[in-house]
Every structure is written in structure tokens, then in C-alpha cells.
Amino acid sequence: MDLSLSTRNEGDRTIVAVGGEIDVYTAPKLREQLIDLVSNGSYHIVVDLEGVEFLDSTGLGVLVGGLKRVRAHDGSLRLVCTQERILKIFRITGLTKVFPIHPSVDEAVAARD
Amino acid sequence: MDLSLSTRNEGDRTIVAVGGEIDVYTAPKLREQLIDLVSNGSYHIVVDLEGVEFLDSTGLGVLVGGLKRVRAHDGSLRLVCTQERILKIFRITGLTKVFPIHPSVDEAVAARD
Amino acid sequence: MATVRLQISATPAHVRTARLVATAVARRSGVADSALDEIRLAVGEACSRAVSLHEEFAPHELITLLLADQGTFVVTVRDMGPTGAEARHIDPLEGFDGLGVPETFFAGNGGRMPAGFGLALIGGLVDDVEIDPAGDGPGTVVRMSWPLG
Amino acid sequence: MATVRLQISATPAHVRTARLVATAVARRSGVADSALDEIRLAVGEACSRAVSLHEEFAPHELITLLLADQGTFVVTVRDMGPTGAEARHIDPLEGFDGLGVPETFFAGNGGRMPAGFGLALIGGLVDDVEIDPAGDGPGTVVRMSWPLG
């Protein structure tokens, strides 16, 4: 299934809700979206992965790239995920140490370092 | 998707409701069902194809085989189908001339030659 | 989108694999949604026929399905059955009384359709079909194509 | 259930074709439902990696996926990339600081994962994996297996 992206703001946080499959085929679309946001001054991004059905290493790479970009502006990139099969991929790759992962968008939006 | 079969009687008519895909992989199951019915004395069979998602020539062969069997006992085999893509297959193969095809189970059950 | 080549052993279950792949690749290649049912059925028929032939004549050989985007969406199914035995399959209508007089069925073998019935169905369904001996060895090539969006 | 062989050209869209086929055949072969997500991901990773290598080194060659029921469900993905360049891919952890110190990412190239990351993920995910040079030509073979129900 194709990737769906929808973006909204809450205060200075920008929430990107992702649906479908983030893989080698669709990841470029998410990459562009994150680059656009940062270019337009959104440095605090919450990526909501609850609608994601599939995530591969290309998708992880895009999230890491996004994190790198917001960090260059002292920003943050937080994830929302409660799906065990997606969380497992972050655990296996050690990326749970890199990304703050929250159980809900509200908690991710409220979180501060 | 696998084949599902459910059988019930109305008077001297036996209705076989088929669901899923009737193809080279599943057709043997339908063939056995029809053979069983005829062996057990059901000679007036209505095959309800409304739940069928896919039908190929193996499936047609099984229906023709069933018709042959009930005819040997002066019986009947009627079909219920309103799905255009399934009807098309009967038309292309000329089998609309062989099978009485009805728009509902009620009409098929009520029909007499 | 470029080439996909699928080879399956002669098993009815793999006819489903072939249908699944052909339909998914066709959709992604830009074939109209309205043609997908036709592709699913035609590919299934071509592969079912190949599986039957292989079961009888070449049980250990693979059947090859080629999906290619060549301006149109081209599907080729190639079996490894004997082309001699294939002669009777080449004319889809042969042995089938022109698809119009199906009483011949009832003389048949327990409801199995006459040889060539699957090809006849493909012929009635698909506008662009060619059926030829493979040339480079045993077997027959069924070549079908559909327009791309 | 016997063999399926799928060959795809080096296109990201066909990684989806490969995932679809591997998952469907695995299910039908009797692999436990709980393993299907793992197979989908592992096959996707192996093929994504192969596509990247082919895009760079062998754009016109096909990538081969073999699915076989050999007591276990065995998936082999074979690329045609140079095995010389492959050396750095063989150790999944190399260049990745042991998967535990991911600050190395941030020195990287715009968020692309380091070479070998896909294989590292496969290694972390699948119990039975072997990664070897093909032997009979260029390329690498990633061989993975899962128990059958």
C-alpha cells in the first residue's frame, strides 16, 4: 500500500501522521516531506507511526536523516508508536536509543528534553 | 482466498453456497462436494455463486461435471449469479446455453423445467 | 517498470502465486484497473494449462512467466510440455465444437473440460493473444498483452 | 510445496513484488503466521540491498529470489553486484559501531544508513541466516530459513 502523509501543527510542534508502507519505494516521499518542513522552519517534529503497516531500513534511514536535520537547528524529532512489530525494528537496530518514542501524539507533543 | 462451501436443503432442492476462489487449487473440494450430494440422492442442486470472487475453467469443469451427474438421474443443476465478471465467463465459453442461471436463490429453487 | 520473471513448479497452488504476481505487477505498471480481472483470469488459465501439461509430461521442470513493460504490458507463459502433444491445444476451438455446442462435454471424462478449453477462454477474453511453439526447445509460449494507462 | 523462482529488475517497486511473493508462498507453504512479518521484512531488506547494489554496479542484471520448501522454508536472494565491493557488506555490524552507538549516523550522508545496515537488521531479525559470495560468478547470496508449521 502506498504511503499517506498528513501534517498539522500544535503550538511549535509539527505532527506528521504517516500511513501505509515506508519502504525503499515510498521512503523518498517521506524524506522530501521532512526536508520541506525543516526548510520552512519546523524544527520540532513528531512523526506519528501508528498508521504504518510496514517499515524497513530505508524508512529508518529517512527518520535518522530527519533527526539529523532538526538537530542542526537544536530541534527534536519524536516518534509515536505502540505497534510491537514496528517497535521491534527500532529495538533490533539500537535506534530506541536515538529516538524518543511515545505512546501517543499528546505525550509526544507535551514532551520536552 | 480459500473456497468456502455451505449446504442446506429447501424441499427437494439442495443449495450449495460457494464463497472465495474456485480455481485449479480449490476446485477438487467443490467436485467432491457435488459428488457426495449426488451419491446421497440429491439430484436437484442449486449452486449459489454470489460469494465467488474468482472462477476459472477448472471451476467451470467441475460445474459441468456436476450437471452431467445430476442429469444421469434426471436431476437439475441451477446456478445463482448476478456478478457481471462471473457471468462474462459463462458467456464467453457458451455455457450460458448449458446452465440455467438465476438472479436469486429463491428463483432458482422455485424454477422447474 | 521493467521485467519480472517468475518460475513455478507444476503445482496448482503456484497458479495462485502467478495470478497474484501478474495482477500486482500489472497494477503497478499502470494497466487500467478494469483490465486486472481479465489479467488475473487469463494468467491463471495459461498457468493452469501449463501445470496440467507438466504434471503429465514434465513434472520436474519449471513453468516460466515473464512480465514486461514494452509499451504495452506483455505477459508470456512458457511451458516445457511436448509441442507434439501440444498440437491439439494450438487451436483453442478444436475439440470444443466451436464453444457453441457444449453437449460434447457430456461425453467427456468426469467433467474435465476438453483440452484447449483454457486457451479458448483466453482467446475469448483477451484481445491480443498469440500461441506458438517455443522454438528453442519443447513447450508452448502463450503471449498476451494489455494496453498501459 | 515446491519451488518458486522470482527474478526482478533493479527497481524499488519490485522489492514490493518480492515481498508479496515471499509472504504469499511462505503462508501457503505452512510457515507460522507469526513469522510472516519477519519474512516480509527480511526479504524486503535483502532485496532493497540488492537493488541498491544493482543500481550502482549492475543496472541491467536481474536479482534472483528463490523460495523452496526443503523441510524448512528457505529463501535465497542473489544479487549480481561485485563481490569485491561486497566485502564491506559481509559483516553486518561493520561501520555501524555495533548497533549500539548510533552517533556515527550523524556523520553520514544525509540520513542514508551505513552500508550493511540492512544486513544487520536481517541478522538481528532472523535466526538462521548465511551471507556468502555467490561462488559461481559475481554477487552475494543471502540465505535465510524459517521452520515450517
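Note that the chains are named A, B, C and D in the order they appear, and that numbering of residues resets to 1 at the start of each chain.
We adopt the following convention: contacts are C-beta pairs under 8 Å (C-beta built on N, C-alpha and C of every residue); 3 or more make two chains touch, one makes a residue touch a chain.
In this text the structure is predicted, and so the values were computed from the model without any measurement.
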Self-check item: Steps in the shortest chain-to-chain touch route ending at chain D and beginning at chain A
Solution: 1
Exercise. State the chain with the largest centre-to-centre distance from chain C, centres being mean CA positions.
Key: A
Self-check item: Chain centre separation in whole Å, for chain B relative to chain A (CA means)
Solution: 52
Quiz prompt | Between chain C and chain B, distance of the C-alpha-averaged centres to the nearest whole Å | solution = 24
Quiz item: Where the centres are mean C-alpha positions, what is the separation of chain B from chain D, in Å?
Solution: 45
Quiz prompt | Per-residue multi-chain contacts in chain D, two or more chains | solution = 13, 16
Quiz item: Which residues of chain C touch chain B in the complex?
Solution: 12-13, 15-16, 37, 40-41, 44-45, 48, 51, 99-102, 105-106, 108, 110-113, 117-118, 120-121, 124-125
Exercise. Sort out for me which residues of chain D touch chain C in the complex.
Key: 1-9, 11, 13-14, 16-17, 20-21, 24-25, 28, 62
Quiz item: Mind pulling up the chain A residues that touch chain D in the complex?
Solution: 21, 23-25, 31, 54, 56-58, 60-69, 71, 85, 89, 92-95, 97-98
